[in-house]
Structure formats: C-alpha cells, structure tokens
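In the two assemblies presented below, chain A is common to both, partnered first by chain B and then by chain C.
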Partner chain A sequence: MDFFDTFPAMDRQGLRDLKKGIDSSFREFSRSYGEGIEDFFEPLLHFLVWLEKLLINAPWPVVIVGIAILAWLGSRSWKLVAGTVIAFLVIGYFGMWKDTMATLAIISVATLLCISFGIPLGIWMARSERVQLAITPVLDVMQTIPSFVYLIPVVMLLGIGKVPGLIAVCIYAIPPLVRLTNLGIRLVDKEVLEAADAFGADNRQKLFGVQIPLALPNIFAGVNQTIMMSLAMVVIASMIGVKGLGLPVLRAVSNQYLALGLLNGLAIVVLAIIFDRVSQAYGRRLQAHREGTGHD
Partner chain B sequence: MTNTKIKIKNLYKIFGSNPKNAMEYVRNGLSKQDLLEKHSHVLGLRDINIDISEKCISVIMGLSGSGKSTLIRHINRLIEPTEGEVVIDGDDVLAMSAEELRDFRRNKASMVFQKFALFPHRSVIQNAAYGLTIQKIPEKEAEERSQHWIDRVGLSGFENHYPAQLSGGMQQRVGLARALTTDAEILLMDEAFSALDPLIRTDMQEILLDLQSELNKTIVFITHDLDEALRIGDDITILRDGEIIQQGSPQDIVMRPSNDYIADFIKDVNRSRVLLVRSIMVPADSENGPKIGMNIPLEEALSQLSSKQAMEGSVVDSEGKVVGKLDLSTAIEAIRRPERSSNDLQYR
Partner chain C sequence: MMIGKSLLAIMFNVHKFVLMLKEEFELMRKLFIGLAVASSALLGLSTSAFSGAHAKCGDVTMAEMNWASAELMANIDKVILEEGYGCKVELVAGATMPSFTSMNEKGQPDVAAELWINAVRNPLNKAMKEGRLHSVVEGPITELGEGWWIPPHTRKKHPELKTVLDILKRPDLFPHSEDKSKGAFVGCPAGWGCQLANNNLFRAFEMEKKGWVLVDPGSAAGLDGSMSKAAERGENWFGYYWAPTALIGKYNMVPLDFGVPFAGKENWDGCIVKAEQDCANPKPSAWTKSEVHTVITDRFKKEGGAAVTYLTKRIVPGPVMNAMLVFMADQQAGGADAAVEFLKKHEAIWSKWVSSDAAKKIKKAL
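== the complex of A and B ==
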C-alpha cells in the first residue's frame, strides 16, 4: 500500500546529486565561456551606454525637440506631438528625467534587437513547417516561464549589469513579434501569391514585394507588442542592475513608498502610451491602400 | 489552317498523398468516384489531349469540379501534372528548370484570374507594371508601357487609385492590363469574367474581342458559362469530371452535341445568335431572293429576309458569289429549341 500513499519519487540523495550536477556543469560552462560571451556582447553594451549618455547629457530641451520630431515623423499628428511634449515636461518636472532617459535608451536598444532577430525568425518560420514546429514550443517557454527563472542563468553567465538586463528584456519581449510576423506572412492571400508566381516572380521578389508588404499590419502589431512588453519588463530588469524607472519602483516596493512607486509607475505608462500611439499611427500610414474603400 | 501553339498530350492529374500509385488504377479505368471512395485520391484530369491554335480564343468550358481551372494552371505550370506533356512552341514546359520557367512566365504567358488577385498595396499603374517590375525594367519605361494598356482598357485617370477603391469590373480591367503589359503571346484567362455581373461581363467580353482583333494573341479562356463560351470562342473544349467530352467550333457544339449531357447544356442557348447561315444553308447556285452573307448569324439573316418580306434568300460568299439558299422554314426549324424533356432532370 505504501506505493499508493507516497509518490514514488527519486530518493533525496539522487535528486541532490542531479541538481548539483546541473549547477556545477553550468558553472563550469560559464567559467570557461562566460568571458567569451561577454566579449561578444561588448559592442551592444557600448551602443547602449553611448545612447544612454547621449540622452542624459544632452540639454533637455534638445531631447524634447528630438522626441517631438520623431513623434511627428511617425504620426503626422500635431495632437500626438503636443501630448508627447507635455508628457515629457511633466515627467521632468517631477524629477524623473534621468531615469526616464535611461529607460528610453534600454527600450530603444531592446526593440532594435528584437526587430533585427524577431522579424527574420518569423519569416523563416513562415517559410518552413519544420522550423515552425521547432520554434513554437521555444516561444511558448519564453513567454510563460517566470522571468526570475531565466534571470538566474543569465546572471550566472554575464553577471549583473546592463547586458544581462537587455537579454532578459528581449527574451520576454521577442515572442509576439516572431509569432505575428509568421502569422502575417502565412495569412497573405494565396491567390495574390499565385499571381506573383504566374508573372514569374522569384522567391526574393515574392518575399519583399508581396509577402512582407501585405504582412505589415501584423508585423507592426508585433513591434508594438514588443515595445509594450519590454516596458513591462523594465522593473524586473532593474533587479539585475538596469538603471531607469524600474529602480525607484523596486525601492518603493521594498520600502512601501506609495508616491514614489506611483509616480515612476505612471511614467512607464506614459512612455508606453506614447510609443504605442506613435508606432500605430506610423503603421497605419504605411497602409495607405487600406483607406477609402468606397467606389468612385 | 492555323499552327498549334500549345499542345497538351496525355495529361493526367491526381491529387492525393501518392498520385503515382493511384495512376495505376486510373490507367486501368477506375472511375473518378471509385478512386475517391476506395483510394481517397481525387482525379483532377484524365487523359487530356488538346491542340490549342495560335492566335485564336480557345475556350475550355465545364461546371465547377470539372477540372478546368486545374487544366489551365498546367499550361504555365502553376500545377505539376502527374503524367503527360505540355509543349509550347516545341518547348516542353515540364522539362524547364526553375530559371527557364520563370523566364517563360515573364515573357511568354501571362494570366488573368477569376478573383482578380491584384496586389492591394500597389496602385493601379503599379499593378499593371508588375510583370515589368519583376523583369527589372527601368521604372520610367515600365510606367509608360503600363500607361498604354491602362488607357486601352479604359482606366485612364485611375492610375493612382488602389484596387480596393475600384469596382469589380474596373479591378478586372486592371487584371487585364497587368496581363497585357508584358506583351506575352499567350494569355491565360481563368474564369476572368465570372465574378462580374452580367452587364459588366458583356462589356468585358467586348473589350477582349476588340483587343483580340488587333493583338491576335493565343488566348486560353476558362468559363462555366456556355453563352460566354459561344460568344467569344473560336474553339470550345467541354470538360466533365476531368475528361474532355467534346471539342469543336461553337457551330459544332450547337449543331452536333456529342451526348445528352451537352445536348442538355445547349438547349437553352439562343441558337439564332450562334448558328451561322453557312451551317444550315442548302447548296444552290442560282440566285433567288435577297442576298445573304454566309458568315452572319441566323438572327441577322432572318431580319434581313423579313425586311424584304421574302420567304427565301440566296447565300453568297464574301466575294458575292452564290453558294446556297436559305429558306425561312429551314431557318426557323434550326433555331427551334430541341425537345429533351425526358432528360431534363438527369443532370441537375
């Protein structure tokens, strides 16, 4: 009867040895390769530090004008530009300028990184059933595994700092972009693709001339999601040494500073809204052909 | 008379997991239905042999499921056959490498689709220029050449509209312009006008006939509409369940349907518009009554006779020489709807 009462688990000694084995072999791995991997990410770190310094050291009016111009280029809407400028003025007035700039820097770099890996990966998935089968479960893991769990090996490998933070943000933020790029390309009308074939388009011409342009609404939704999710990740990333708005939030949580937490939390929200509105307006502008479906 | 442009020989297409295997059964005469029930393979086409003449409009007609759209896609190899040959100007399309095939599609055969299949993100002129863009022809030249065809199909002024802003008929004009812009000798039209409403369809048929009288392309036209087939076809091939059941001129089909299925098909056709005087005239060499051309439809001949209040007329060839006579009662007998009430329900 003993069999039914307690689950026939591994004995304690064995389990301990297994865990020890994994831990020590990973430690071994990070000891021998950690430095190499760190060197590999060196340029990324330089770029991030450079961008952060640029944003923090530049006179604040210049930064605001720069952001306003970007918002205008993206959205072509004066309302949105005015809202953006006011939001940044308020953030600065409440003393969160430096942290906001640091967050802006890491979000920008993380988004660029996600786009440069996520879109090609999504395209690859769309072109091959086998790749889709292989990558989908990996994306599932990336999206559902508690972020603290993958922070452990990242920190073991790279220590505490900006780069591990960046990697953690990307692991969390890249899946929707990959998924939506894949979906968008798969949803392109088969008849339109057949027409491209019938006129003798090769794979490249089909991809860049038909599939990607028609998948853009989905790809843009993916980019948008990636930005939102990396902003959400900023607080957790601050636990492993990323500067920015997440750090004061973390301090507020451990010390029960309501106002500090609220202010910085709201600043993250404001950034998110600005990013979202501008990127969506830009996406819509790329889709001019979808407007005005009325007949003449 | 005319040269064969496209030769389709012993073409078979079977859809399913193991078509090569299923070919055995089909060659041994298994029917389409049995193949589906016993081996779960779909017989798309069975032993198709067609010679498509140069510079003619060849219509391939059949109801849905007859394999007509599958057949036209074999001509530019959008679908690979299970067995058979497609030879165009002496070149075997099925033996072409990927590179040669792209070249063939770019320069030799262009296609118009049932649901237009325009590129929604390209403007009208960019759509028309698509084939040229693919061939990497400089933008300016591509634009000039597409503009010409946009004007020809009557879309001047709409160059910068997007497809979604146009009506169905206009969208298909863009489709036609896109196919014409590459100057391909072969034009494949897959139910090109079926999605349009009847008035617009007639318009488009007229545009096509008008263009053809000048361009003399080899056109393969797929349709399920017999009136359309009779109206524009120089040659008609009728498909049923993946097999050819009759091939011939519109006259042949109407005068000599090869079986009950086709006879049933054509019973509602306006015969006076399809039949030409020459196919029902009685040979004669003396002139008697008003002159009637041998290549005009009966409809026209009858109105000529009645305007002269004549009971019969003499049929003349294009040089005005008398070749036969046409009397009113023969003409009326010829356009009478055939009685086929016993078979009426068989094919519904």
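== the complex of A and C ==
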C-alpha cells in the first residue's frame, strides 16, 4: 500500500547531489568558457553601446526627424508620421527621453537580430520535415519557460547588462517569427509551385520569387509579433541591468508609484504601437507592390 | 536575500506604519495602564509564590522570522533553552513587522531573536521606555549590515586597497563592460530603499568625477548574479551587498571600510536615504549601522531567569553565521537541522553562552 500512497521519488540526498552536480558542472563550464563567450559577444555589445550613445547624444530634434523619415519611408502615411512625432514629443516632455532612447536602441537591435536569425530558421524549417520536428519543441521551450530560469545561467555566463538582456529578449521574441515564416511558406499553394516548376524555376528562384513573396503576410505578422514581444520583455531585461524604460517600471512596482509606472509603461506601449504600425504599413506596401506588378 | 527583501519591505513600510502606530498607541496606552496594573499584581503574586522556581522557565514562545539567519537563531535558542534550561519552546512563524506588533501589543511571542530595529525604532523605543519590551543583547550576530564589498581575490591581489577611498582611485581595476574606460560600481536593485542611499553616496564620494559608473543591477537576481559571476571567475567586483547572507559566506566577500567616519544622523536620515532632489549636499559617510537586537517581553524578562541570562550572552560571530547560511543553502537545510549542525560544530562558541551544567545537558542531548 505504501507504494501507492507516497510517490516513489528520488531520495533527498540523491536529488541534492543531482542538483549540486548540475550546478557545479555549469560553474565549471562558466569558468572555462565564460570569458570566450563574452569575447564572442563583444562586437555586439560595442554596437549596442554605440547605438545607444548615438541616440542619446544626438540632439533630440535630429533624432525625431530621423525617426519621422524612417516612419515615412516605411509607411508613406503623413498621419502616421505626425502621430510618431507627437508621441516622441510627449515622451520627451514627460522626461523619459533618455530611457526611451536606451529602450529604442536595444529593441531595434533585438528586432534586427531576431529577423536575421528567425526568418532563415523559419525557411529552413519549412523546407525540411526533420528540421521542423527538431525545432518545434525548442520553440515551445523558449516561449513557455519562465524567463528567470534562463536568466540565471545567462547572467552567470555574461554578467549583467545589455548583451544578456538582448539574449533574453530574443529567446522570448524569436519563436513567433520562426513559426509564422515556416507556416507562411508551407501555406503557399502547391499549384503555384507546380506552375513555377513548369516555368523551369530552380529552388532558389522558387524560394525568393514565389514562396517568400506569397508568405509575406505571415512573415510580417511574425515580425510584428517579435517586435511586440521584445517590447514586452523590456521590463524583464531591466531586471538584469538593461538601462531603459524598464528600470523606472521596476522602481514603480516595488514602491507602488502609480504615476511613474503608468508613464513609463505607456511609453513602452507607444513605442510598440509606432513600431507596429510602421512595420505593418511597410509590409502592406511591399505586398501591394508585388500584387501590382504580378500577373493577376 | 530574505534579509534584503525584508529590509526593503521595512524601508517602505516604516512611514505608513509609524503613522498607523501613532493612533494605535493612544489606544494602547490606555489599555496598557489597565493591563500593567493587573499584570503587576499577578506578577507580584507569582514571583513571591514561585521565587525558587527559576530553574524552570516554563513555556516560551519565540518568533521564527522568515529569513534564514533568523530561522537559525530561533532554532539554536530553542534547542539550548529546551535541553539546557528545561523550557518548553514554541516557535511562531513571523516577520519583522507582524512579530514586533504582536509582541508590542499582545506580549506574544516572548522572544524575537533577530529583530532589525531600523523599521521599528520609534515604537520599540517607546515600548522599552514603558517597560513592555526589553532588549537583552545588541547585535546577536556580529558584523552584520549593509555596505560595499569586494571579493577576497581582489583583496589578496591588491592589499593596498583597504578602504572605499583607496578603491575609488582605481576605477581601472573594475572596468565597466559597456565602457572599459570607466569603473563599475554595482549598486542596489531598482526600487529598493538602498538604491537612494547608494545613489547619494555615489554623489557624495564624487564617484562620477573619479571615473565610475553606477550600475543598476535591476533586481536581486541581477545583483546576486553579477557578484557570483565575478567571485566564481576571479574577476574584480565592487558593489553593494549585505550580511549575514549565504552569498557573502559562500564567496567570503570582504566588507570595505569606507575610509570616512559615519557623518552623522542628520546627514544620513535627512539626506542620504532621501531622493536625489531632497539631498542637495550629501556628505561622504560610512554606511549607517544596522541595529539588530534580541528583544524579549517584560513577562519573559521577569520569569525567564537563567534563560534570559543566556540570551544576553548569545552572540554569533558574523563569519560563523555566514558559513552556517552557506551550509543551509547547500544542504537545503531548515533552521532545525542547521541548529543541530551549529551546536555540533561550534561547541567552543556556544559553551561560553551557557552554564557548564546546561552545556553538559545540551551535549548529552545532541
């Protein structure tokens, strides 16, 4: 009966030894390879620091004009550009300029990094069943594992600051992009591909000329999700020492400063909305262009 | 970390609590006068009736606070009082605020082994003046408190860096990962009370001018991680932490002398712990002393006899406490297991606290 009443668990000593073993082997790993890994990320860190300094030290009107131009290039919509400019003016007016610039720097880099890894990964997944089988569970882990579980080893390896923050953000934000890229390419009509075959397109031509253009709506939905999720991670990233809008939020949370939390939280939201609208509009424009010159 | 958390809870609640207590006190005082009359009559009776019964201390309730070092303290007391002095000890789970309030208002539990005073200073002073509570020992654990630390290997490699002032001259030894030309000083996590103190001391010591950056670790996990990483890898690290904690013990972190004296209460309470805009001219100062007392109720002081004498002598050296915390963390041991471990391992320490007769009994029980 005893067997059914208490779960036949590992004994306490064994469990303790197991945990200790894992801890100490990670410690060994961190001791021997930590520095190398840090050096590997050094260029990325330099780039991040450079971008942040650039955004913070540049005169604010220049930055706003720069952002407005980017918004225009992306969306070709005066309304959006005007909204962006007003939003940044308000943010600056409420004294959140520096933090917003820091956040902008890390989020832009995080998004670029995610796109440059996420889309190729998604394409690879779409082209091979085996890769899909292997990567899907990894994506599941990345999306569901509580952030602090991987923050501990990341901090032990890389210390606190921008690079570990960036990695934490990307771990969380990259999966939707990979998934949606994969899905988009897989959803491309078989008949269209057959037609491409019939025209004698090789694999590369099929991918870049047919599959990716047709998968663009999905890919852009993925990019959009990635941006949103990386902004959502700003606060978590601040918990390992990333400067930006997350720090005042943390301060607000532990002191119950309602206004401070609200202002900085809303600034994050505003950033997200701008990123989102501009990237969406850009995506729509890309597709409209394709459709316009396509052969319907 | 528990202490850090409680400290922080403390700091934020003090203000509200003091306000609340002011009202309570008026009520309490009226009640208390009545109670005092009644209880002194009773006590008079009991002491005269059982004046010979000192050896038996009876039932004692002790607060077992919710952080590791206090857990251990309470459990050590429990074993020693039960085995050595024949008390019947009941541990009551608690935390600084609730336990103190309960002791102050209801006279229960009888003993708080590790009570951090900063949070409860005003009401405690009042209670002590009125004779409801008594402090039997100041600093039941030595070398505790907040401050600025470096890892032991830094001390070994650079023995000339004795004080904070010495370190401040060498930002090059503690390079900031994001700007190698600056030194990194790891401050207190965003939103904690100690963040203000660290910010203001950073300004008071003119650290920016001396080539330092104040790094906000963002959270307790960030601070712990940054310190452990440096300690594990043999890198230099300079930052804020507090003791007694398992991490300090695990890595044998070295507390730094500030190189300047404590610059007065006015400077600390009126400036250093305030927001930057309320502290225009912070003066360099050593960290304020964290006062920790063992506090007991009036009833226990009168009836405890030898048990109270034991409490007055019971002082755990800081390094020993830190080592015990490491043991607790490594073995995932609770307070009770750790107390037994302490009593077995450090007889030289605790045997001085008790009479030789009690020592024999305790040893036998182990």
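Heads up, the rule we're going with is that the second predicted complex is superposed on the first by the 288 of 296 C-alpha atoms of A that agree within 3 Å, B and C clash if a C-alpha of one lies under 4 Å from a C-alpha of the other, contacts with A are read in each partner's own complex, and residues count from 1 in each chain.
One rule holds in what follows: a contact is a pair of C-beta atoms (placed from the backbone, for glycine too) under 8 Å apart; a residue touches a chain by one contact, two chains touch by 3 or more.
None of these values were measured; they are calculated from a predicted model.
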Touching partner for A:281 - first (chain B), second (chain C), both, neither: neither
First (chain B), second (chain C), both or neither touched by A:191: first
Residue contacts on chain A - larger count, chain B or chain C: C
First, second, both or neither for A:243, with chain B first and chain C second: second
Touched partner set for A:87, first chain B, second chain C, both or neither: neither
Touching partner for A:45 - first (chain B), second (chain C), both, neither: second
Which superposed partner A:68 touches (first chain B, second chain C, both, neither): neither
Partner chain in contact with A:152 - chain B first, chain C second, else both or neither: second
Overlapping contact positions on chain A, where the chain C interface meets the chain B interface: none
Chain A-touching residues of chain B, taken from the complex the two chains share: 76, 78, 101-107, 110-111, 113, 115, 117-123, 130-131, 133-135, 158, 161-167, 178, 182, 188
Chain C-facing residues of chain A, complex: 16, 20, 27, 30-31, 34-35, 38, 45, 49, 148, 151-152, 155-157, 159-162, 238-243, 246-248, 250-256
Residues of chain C defined as touching chain A within the complex: 8, 12, 177-179, 186, 189-192, 195, 215-219, 221-222, 225-226, 228-230, 232-233, 330-332
Chain A - residues contacting chain B, complex: 189, 191-192, 194-202, 205, 209-210, 213-214, 287-290, 292-296
